[in-house]
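Both of the next two complexes hold subunit A, though its partner changes from subunit B to subunit C.
Coming up: the complex of A and B.
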């Protein structure tokens, strides 16, 4: 960068906290002080509390609902059923198939039937308990393969029980290979288990509309659905993002939004709803359980010839985003490998199990467990090293995906594998002493090292970033630049949901870099600005980041035009350190002097490059915007007598294109790795006969600080020429690769052929 | 019932408390102190951790009536005005906060750990914070923050 040679004012302090730096989160101080307002913290005078009656049965006909006794409870202000839904009866992300409140039939345990508003949450709960529902209990359909293939199964929705079937056909469908590896794999139902429960506050407005303060991943898609169900025009349903206590996919679908709004409109009073942890397990969709049948054909030296797979994903009672999850599982179904011949069929089904939809990794998680298990099996069959067999088949820039899409940006699969392989291994467990906290079973004192064996395993994952299959995926950013207290100050306004990942930090960084100003404020996210799209698919830094960048560029162009006009000068100018700078003439003026009392306020809608739909019979097409890759190496100690596992190390290498905020990137990789560890060895919603057996943090276990090992993280930055700053989505890939790596390590330690996650103690001891 | 107790050094009272309410509910809904969080309300996640007479407890498991005449310190009571407690400062600096819902409980639990043990080893930190669930961070940066806070406290 050239230095100014002459200047009316010097650039004294370069802007800090721009792109590539790791400034602290703007909401960090509020969060550590307990002053950040989450959706469950909302409070307003005169508010009522809502509660929800849910079905105890996975499948039943409702004969009658008697509200008489509930209405008599002192302090109850309203009891509403489907009869009271003012607008559209159904909602849903891809298909409007889910009733706001059940109509004549319930299709899963936990389906909402009635809602109550009362002056105390306990009063509301007691009123709920007094509602009498007469059911005809029906035999639930709980087997996803039966849902697809059985002719005897009940039809749960008018279009049948298949939400989507996607075939992928590429290359020679009749090809054979000298080495054939077959496997059947299962993935259990995982919960996002965000800590901040579903909650929000609905405030009735004077214009007959509603103001909703809510934790969500996409304000505008909520607005659209809520408005339709309330029978209101969208402009009368105004949403503001309240503090979000984690999301991970579980806030893509509506939970209490319509219910609280209905109660508020009926009572004319603000209504707050907060789910308990138990209710939360019934109040959002989960990760699809999967059953997958794989066959890999390879040459004798380990080169893949073909992959054939049949995959089943259980979408449960309502579609949610099952269709898109199917597309991911199928199109990413062979992993980040060169495979010339592919035949995949993937089905997403309706059953009477809990509804499943989005969770971090979104279809790619299930597929990765299967294809990585297959790669380890192939390595074992041929006596090859698991890393070598992966490197031998690794895709790279120019590889054709099973969809025919050519990878047109860096795909450093082999390099990531070699980088992780080269990381130092943890020390061997000491043989002459022990620390219970570092042994499987921990302070339960189940072993002092006897029966404990160590294993090492690798896993790699591929994930599409942004919305696919021709979806019009855009974000809107409004940027305002004005002089406040003598300093140029940028304000960034989007509707994009900050859910903990740090988007608010990144938005400010982009504005600092693009406008060369230090002071940036982030406007609360709301529906007063255009849609920011969903905080999912690892897409917000890419798409909303791209929109903020574009809006800043527009503002910058206008400031520089103004500078040319007011300073009577031509040529290239830039904004830097709060100054207008020319390469030739150096610093020309302070932005404050050029702008004066004017404010520049611009809104830009920004899109990534378009994609196209997949051919419905062959699954061919340019369907994905970008691909991202992460590799894990796991080291585990297994107590083979008790089947207890301790993950000793979980190291990761990931290509992020460009780390906009390196600390936040590493934080995403840590957190994603932890959720993958959970799926590998702990986390499963246990469903029997359509009923959840463990809806609590007592029985659904997520990793604690004792379960998590130290994690070394190697971040690669190979720019994607199609993306803003060359960045690549970060959030999901580490969740995909950590699970197969850990299971591979357990197999290496024990010699067992484990084909199901989470791995349970009885899977290791052979007592399952 | 009427409840009187001292919270963050201030004598507070709440009226019309239903005996089934937890300390967490009273703090959040009746005393204007929503900093302690309601992530599970079954004593498993630690997000609602407060000091009760100097001892860390899950406030969701304490019946409001049990606090009558006792002293409570919540996450809101740790900073001195604008000056953050060293534990809070370290959590901000080290990126130990993502969604932040677990953070208040972890701040109180870490504060308590460092009161008892000024230079804890990693296994000691892990053991002390094992009752605080975090879903975002994988705990690595939380460990960084605890180490930093311990170092600073030891140096001061």
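Coming up: the complex of A and C.
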């Protein structure tokens, strides 16, 4: 056997930073130090600035748009309206129903009507102010139930005001039960409140195309829509991911992509657009507000017999992803429980309210608030412990969903509940002294203990992971292995968007584990490689992770084949610590010596197992790839006289199948729990008559570090045999269960039947 | 936009006289937000941060003269023992960054009904010292606030300082917000007991077009308190005081809360702060 002379004969040291480790994030230090370049920081010589004219009215006919004065402003290079859209006039994720720029009518406050490019952002804004629009203001349709049922309501879109109605029918539709629990629940409009406003830079290319640098969640779905609206072939619209300052669903839809590109093509100059904070509230979709009517039937022991529900989700002026949100709310509408008989109707509607679409939890959040509130009501009615009633009805592997789909991987619902229940409770508040920071109201000094009552509540959520209902959900990964400076170095190239969740770290970890090399570089995400699919539905570690794993396996196979050929051996070989290793013979060669100057470069398209469409009349079908579960126990102190709440503890157990990066998993659970806390007690876009009343961080409040308690987090790893490494999507479940847990705790403290989130001081003190 | 950065107070007054529309900027924590949100486009900015004397305070008689440019952080640290009510309010302002930059002078300049320094300034019967090239005058806090974000200053005037007596008895401040930090007051209440004069001071914030005193509540309470042989307060006194404070407000429904809630919360805060203040008086 010939062995290269440089081959070490000691066994290899295992590489660090692989799957299951928590290596530092490549972007972490830069972000903490404020040095990370976000999309709003981009700059290129000779660029112009774009600005957008938006409708002040939720619903109006446009009689005329006069650009004369705007065009006269010195420094203005272009003022464009719908007349200037080169291609398709409409865009949209599921339905192409939203005008690039309004055509004759505006359907929500903030709808874009015209765009300006100027040599300074201030000049662009001044020009915007000089555009004269003549409106006929119309009475807006703002009630989602009216939108569905009223015969007098205006029809906002050609097909009517219902974006989607999904019925779910399972089991006996006439069934009755001895115990009947009814409730009506409401969820306010939550905002993703990402910190990096919508922004991007469009650079006209010599071939007549566009290079767009953009903060988004899915480069290829943007590419497809932008190309259609520009009337260009997709290959002439090249996107590169710019630094993303948070997403949470709000970057699934287009914002300024087409506008900046139109301006760039028209002026022949690069155009940058950055929304202001206020504009951002009008520049992206929000979480659907919901109105939900529930009826649970149970035996006297507390076993569920049936669930009937009617759910309304307000999609606002344009469809966005309302259809898919409806599917989640309906199919997950009974929660992670065994329910033999189900009758659910869920409507997603058009109104003249702000458009709503994707936000972390995506339909499951709204449903969970209702079904968990119902479970607590059931427990109270029967004098049962809230955990016991949940455990009694908990689904498990083998349970049939309301869609008929059988759960075919671990569903440790009862175990998660018991684990959280067994966690130690926080100490009672001291009675002889006080620390303001530990009390409701904090240093605002509203109580020294007076009126403070403690409450405990539980919440559990279920979420589908990946895209559903037969969607062809895939990701593409390109992996290249070559020797750089004597070291084997892998390069991973995908179009999957890093939005802060840590995918870039995970991709490198997978490459290290699969290729046994220490050095991995991550290529910037762009459309030069195939689609990575959306960074949403908790799917990227699963699907892009799966694609990277598959591409690495292919590369590894080729390297090992090469090794067998060049070393003239056969049998099982591994790549480990930069070496080629065989069980029998130990270390055979360095990868560097086998590969020499060759590079192995492979691209793989990877799919999870297929799902199927839901039957449109019964809602039956194998619609979801995977389910994920989290449980929270909230402990709150409520100042019952002032209605102020402090969340004292918010402990969580979640099954993640396999923690690819344990620190990142816990980070997701912390962040998701905080976002659910926000929905429970403070976060709401207040809309009146179709108008947003609080488009700023002065009055749209998100939790601060003083609102969010330190968490105990218990991470379970029960492998899903269908998923890469057995992993389960992580990002959304904690957002779903923390809200109902906190509200349950507030109810326990106050004895009030709270049925709406966010819970306001007015709701607790009876002063609404 | 013109930008002035005078090094001395007299220079600042001269500039303000010549450019009455120049907008003063101290910590900038209100102004910069307004500029960024494009709600205001001043023709000129008058930066006061170079003027050392605005950042100074001194003991004068039984109280203090505090320069308008003294930050909240310094009020807490350097004057907290003598001006506990104001320090408690300062502690609730924004975040550490805002307390390092923001000033009481800026709070007075903005004259927002929700400004947190106003209730303790009212309760402590502070005077605001304003100056122009024409001279200097002192305006009692109770006469300083004229309307939503309007104060009693003339266009050529600047705020030099405020004058306030050192606490001669317990002081309290409480503020409602729907999160536990970084929040604009839904409503707020300041209370000062003045044993030396047998009087009571109050200030109601964010529950009327301007910060204001609850005068009837002050009079009522001053008459009820047994200053010389302080026993426990009767519930009826606490309740009545709370009612009178709530009645002094004329709140509205807005994004931050309802009028009903504000009245209710004021009565609760009034009762509680009075209980704490009186307990402390009895103990000393």
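In the analysis below, the second predicted complex is superposed on the first by the 757 of 768 C-alpha atoms of A that agree within 3 Å, B and C clash if a C-alpha of one lies under 4 Å from a C-alpha of the other, contacts with A are read in each partner's own complex, and residues count from 1 in each chain.
As a convention for this text, a residue touches a chain if its C-beta (ideal position, glycine included) is under 8 Å from a C-beta of that chain, and two chains touch if they have at least 3 such contacts.
Bear in mind that the values here come from a model prediction, so they are computed numbers and not experimental data.
K.L.:
By the touch definition at the top of the document, which applies to A:696: first (subunit B), second (subunit C), both, or neither?
P.N.:
both
K.L.:
Which of the two partners, first being subunit B and second being subunit C, lies in contact with A:644: first, second, both, or neither?
P.N.:
After superposition on chain A, A:644 lies in contact with subunit C alone.
K.L.:
On the A-aligned overlay, A:276 touches which partner chain: subunit B = first, subunit C = second, or both, or neither?
P.N.:
both
K.L.:
Applying the touch criterion given at the start, work out whether A:767 contacts subunit B, subunit C, both or neither, answering first, second, both or neither.
P.N.:
After superposition on chain A, A:767 lies in contact with subunit C alone.
K.L.:
Given the touch rule stated above, what does A:244 touch, subunit B (first), subunit C (second), both, or neither?
P.N.:
It touches subunit B, and subunit C stays clear.
K.L.:
Regarding the shared-chain residue A:704, is it in contact with subunit B (first), subunit C (second), both, or neither?
P.N.:
both
K.L.:
Counting residues of subunit A touched by each partner, does subunit B or subunit C come out ahead?
P.N.:
B
K.L.:
Check whether A:443 is in contact with subunit B, with subunit C, with both or with neither, and answer first, second, both or neither.
P.N.:
both
K.L.:
Can you give me the overlap between the subunit B contact set and the subunit C contact set on subunit A?
P.N.:
Common to the two interfaces on subunit A: residues 276-277, 437, 443, 696, 698, 703-706.
K.L.:
Of all residues in subunit A, which touch subunit C in the complex?
P.N.:
Going through subunit A, the ones touching subunit C are 125, 276-278, 437, 440-448, 450-451, 641-644, 646, 681-682, 686, 693-694, 696, 698-699, 701, 703-707, 760-762, 765, 767-768.
K.L.:
Subunit B touches which residues of subunit A in the complex?
P.N.:
Those residues of subunit A that touch subunit B are 22, 24-25, 27-29, 31-38, 40-41, 43, 120, 122, 192-197, 243-248, 274, 276-277, 435, 437-438, 443, 499-502, 663-664, 666-667, 670-675, 696-698, 702-706, 708, 710-711.
K.L.:
In the complex formed with subunit A, which residues of subunit B make contact?
P.N.:
Residue positions touching the partner: 18, 20-21, 28-29, 32-42, 44-45, 47, 74-76, 78-79, 84, 88-89, 91-93, 95, 97-104, 107, 123, 125-127, 129-143.
K.L.:
Mind pulling up the subunit C residues that touch subunit A in the complex?
P.N.:
Answer in residue numbers: 33, 36-38, 88, 91-92, 95, 172-184, 186, 255-258, 260-261, 263-265, 268-269, 272, 275-276.
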